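Paired with chain B in one complex and with chain C in the other, chain A is shared by the two complexes that follow.
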Partner chain A sequence: MKALEYKNVSFGYRDDSLAVKCVNLSVEEGEFVAVLGQNGSGKSTLARLSNGLLWADEGSVYVFDRLLTQKNEREIRRDVGIVFQNPDSQAVASIVEDDIAFGPENVGIPREEMRERIDRALKAVDMEKYRGAMLSRLSGGQKQRVAVAGILALRPRIMIFDESTAMLDPRGRREIMDVILKSREEFGVTVLMITHFMEEALLADRAVIMHEGKIAAEGKPREILKDADELQKYRLALPKTVEISRKLRAGGLNVGDAFTAEELTGEILRAYRS
Partner chain B sequence: MKDVSFGQYYPVKSFVHSLDPRVKILFLIVFITVIFVAKEFLALGICAAVLLIATLFSRIPLTKFLRAVRGILFLVLFTATLNLIFYPGETVYWSWKFLQITKEGILFSAFLVIRLVLLVLCSSLLTYTTTPVALTDGIESILTPLTWIRFPVHALTLVMSIALRFIPKLSEDAGTIMNAQRARGAKLDEGGPVSRIKAFVPVLIALLISSFRLAEELGDAMEARCYGCSKKRTKYKKLKIGWRDILAFLVIAGLIASAVLLRVFPQFPF
Partner chain C sequence: MRIVVENLTHVYNPKSPFATTALSGVSLSIEEGDFFGIIGHTGSGKSTFVQHLNGLIRLPSSLKRKKKKGDNTILKVGEFDLTRKKTDFRALRRKVGMVFQYPENQLFAETVFEDVAFAYRNFSEKKPTDQELEEAVREAITVVGLPYESVKNASPFDLSGGQRRRVAIAGVIVAKPEILVLDEPAAGLDPHGKKEIMDLLHTLHSSWCKTVVIVSHDMDEVAENCTRVAVFAEGKVLCVLPPKELFRRSEELLRHGLDLPLTAKVCNLLKEQGVELDCDYTLDGFVKAALARGKDT
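Take a look at the complex of A and B:
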């Protein structure tokens, strides 16, 4: 079953050119798809079109085979959770657990069940110790994990991460990536991750590159992320580890393309041993 | 700017912390009414004593309260001085042209200082011991009857809770903007009051723009979290009245009673 489907979707902001041009994209239930692209490529607009924060000028959006309309947007919002970029602008309450409760309160979950949901959400993002903590005292990565928990507590079937790691330090980014993988495992959610970090896209089942509002390339992350010339066209760069392994190869060390730090060390060790 | 201690929750476990926010709000209202109605030092003395006991039970370091008082020190001294030299009275100690210091003036100024200090201490006690959420929950519960006339009580208290939640963020942003402008040569803490205020305008504009952006992002995030999706909203935290609250309630009643007694029998011999 298709969890999310964009059919010939176009959208333009008031000022000038189209932000999204005739996009066709579908995400299978349970799949993990990464959308890559430079700033202004239209990738974030795509997220907002999924639950009625923005409305497509042309084309249609389907969520679990239901056409998104103004009538059912409230219902569909329960299925589509979005975690945004800024860890400071997503919380409404000052205390962690109160903030996580905001979503469930909005949809009228009874108190007992709400407590359970908050427990599980906090556990999934590994923030159980911070239940009663003040949000303003937490680090960016921790705030963002609370934001993820706030969405998890709504039990959406699709989670969209709209550059949720862009404003974090490397440690915070890693934490969020771990949380994404864990929420998939624990709740079986479908994930659409919008990012401009190549390394993050490697963890996905499928990578989609957006360029100037269109889908420019699509495929297995490891296939897509090894063509430097192609990536250059979309103003994207190779993952750092691939770049290093190629430079080593050019320098005469016989290493293959490595997509992670572990692979790179493995390749280098292997090259030295042989 | 960095130090926004006024109105910040201080997380420890104590008797006062565990009280129902509604009881604490009621206490604050009664307390303020009493100190503004009171005309005798004795009444203020009783208030101060009650507040001191409550403060001791709150397990909040007294330095926190001193800092809150320091925040209004200028205001207190200013009003006290004005009253001291302008207050008319019979027993004149010193006078020059139209200024005079009288016994009545001294008493009145002293009274005013105590009133203002008690006011700040009591409201600080409330905000130190009550989380912003509990506070807004309390206000929401107190205002609930207004929903009968279709007053949007929940929306109002949500606005309050969000405002409270963004105070630390905005003060942090203000600090960043000020530093960025200082780094580019802005003189924010030099010169007279007028030039200082002028230098502050660019800071305020930048802060305003950044808060508009935050507000827009927050709006999206709230909608994505189904705000307004369902007509029947539930509440995670339910306020409950316990034995402690009843005890606090008795203290409040005692406070009212003694204030009334003092008003009715001003010459009451203690």
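Take a look at the complex of A and C:
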């Protein structure tokens, strides 16, 4: 079943230019899609068109085969949750726990279940200690974790992360990534992840590159992320592991393209031994 | 200008139930000419530390007429003694430019010119003439790599993320600081934007600002660019080392919740398999060492 589908969707913030131009994209239920692209390529706009935060000027958006309209946007918003880049712009309460409870409360989750959901969400993002803390006293990275916990507690069927890990350090980023992958396994959540980190994109089932409001390329992350010329065109870069593999190869060491530190190590050892 | 810090402690909300010690007994020095890196886990005190460098956070002693007895804190930036009340903090801020996280969020003026000009007027001792102003703004915008004539009348909000960040940096360097401090300068940019900002910092380092200090979570960035690196953990400085020596101590870094650059990760994995590479952990340094090793075997 298709979880999310864009059909010929166009949108412009002003009359003279379109931020999203005639996009066709469909995401299967349970699929994990990474969206790459330079700043200003239309990624965030595309995310906001998914649940009525923005309305397409042309074309239509379907969520689990229902056409998104102003009549059913509230219903659809229960299915599509978005976590944004800047946590300050999405906090609604002053206490961590209240902020996480806001979403589930709004959709009428019973009290007992809500308790359990909040506990699990806080645990998943490693913020149990801060349950009663004031949001304003947390660091940017901690606020970002609370924002992710908020969406985990709500358990929408589609989760969209719009550079939601940008303010975290690498370890924090990996932890959030693990949480996302786990919710996928456990609840079969569909994930759309907008990111600048090539390592995150590698974990996806499919990578989509946006450029100037259009979908410029899509495919298996490993296929998409090894085409240096194409990536250059979209102002993206090869993953560092691939860059090193290419440089070694240019220097006469016979290594194949590697996408992780482990693969690179394996390739180098293999080349030494042969 | 040399930065000397000894025994620096900072407590947020002192004498209240919310009291948290962000820095405790920090000592380090940053030399003129350093491209200095500051790393550490979230909440380790990095940002609190750099905010001391231009007096955004003032030492309690600098707010009172007399120092407390037994206060042995030293905080000096060149000739400026930041522990004293009579220090000219305005003059200090001209010498130490500070670029915050996501500085483009602080742009406010209707045009790029006005945004950078505002900063220049603010930092000037007397009101600059129109010509002085135009020259200074033109120079700053040009040096951050933007085409002056075509962007000066543009709204900052019409520019791309990377360009907006450049405008924000132009607004800081327009005062010609000797020391430039940046908190996560490349965070949130696309890979190209990241590289451009780091290249820009090197350009500034070799021309405008003698010393550059960056706070970073990106170990690849630190390994690639910094001359020396301070590691913060729980409000203390663990060590100050050049990347080449620092990333050799991988166990210690991992223990403190820090990451390693890709090159160090691969070096460690190779070592487990009995292959030791001697490299400086830059990407090119790694490639060179791996190739040299390949020729030996």
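One rule holds for everything that comes next: the second predicted complex is superposed on the first by the 247 of 274 C-alpha atoms of A that agree within 3 Å, B and C clash if a C-alpha of one lies under 4 Å from a C-alpha of the other, contacts with A are read in each partner's own complex, and residues count from 1 in each chain.
Throughout what follows, contacts are C-beta pairs under 8 Å (C-beta built on N, C-alpha and C of every residue); 3 or more make two chains touch, one makes a residue touch a chain.
These numbers come from a predicted model, not from an experiment.
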Touching partner for A:E163 - first (chain B), second (chain C), both, neither: second
Which of chain B and chain C A:L135 touches, first, second, both or neither: first
First, second, both or neither for A:G150, with chain B first and chain C second: first
Touching partner for A:G103 - first (chain B), second (chain C), both, neither: first
Chain A positions touched by chain B in one structure and by chain C in the second: 85-86
Chain A residues within the chain B interface of the complex: 48, 51, 53, 74-75, 77-78, 80-82, 84-86, 88-95, 97-98, 101-111, 114-115, 118, 132, 134-136, 147, 150-151, 154
In the complex with chain A, residue positions of chain C that touch it: 18, 41-43, 101-102, 160-162, 187-193, 195, 217-220, 257-259, 262-263, 265-266, 269-270, 273, 275, 283-284, 286-287, 290-291, 293-294, 297
Chain A contact footprint on chain B (complex, rising order): 9, 11, 131-133, 158, 161-162, 164-165, 168-169, 213-214, 217-218, 220-230, 232-238
Interfacial residue positions of chain A with respect to chain C in the complex: 37-40, 85-86, 137, 139-142, 163, 166-172, 196, 198, 235-237, 240-241, 243-244, 247-248, 251-253, 261-262, 264-265, 268-269, 271-272
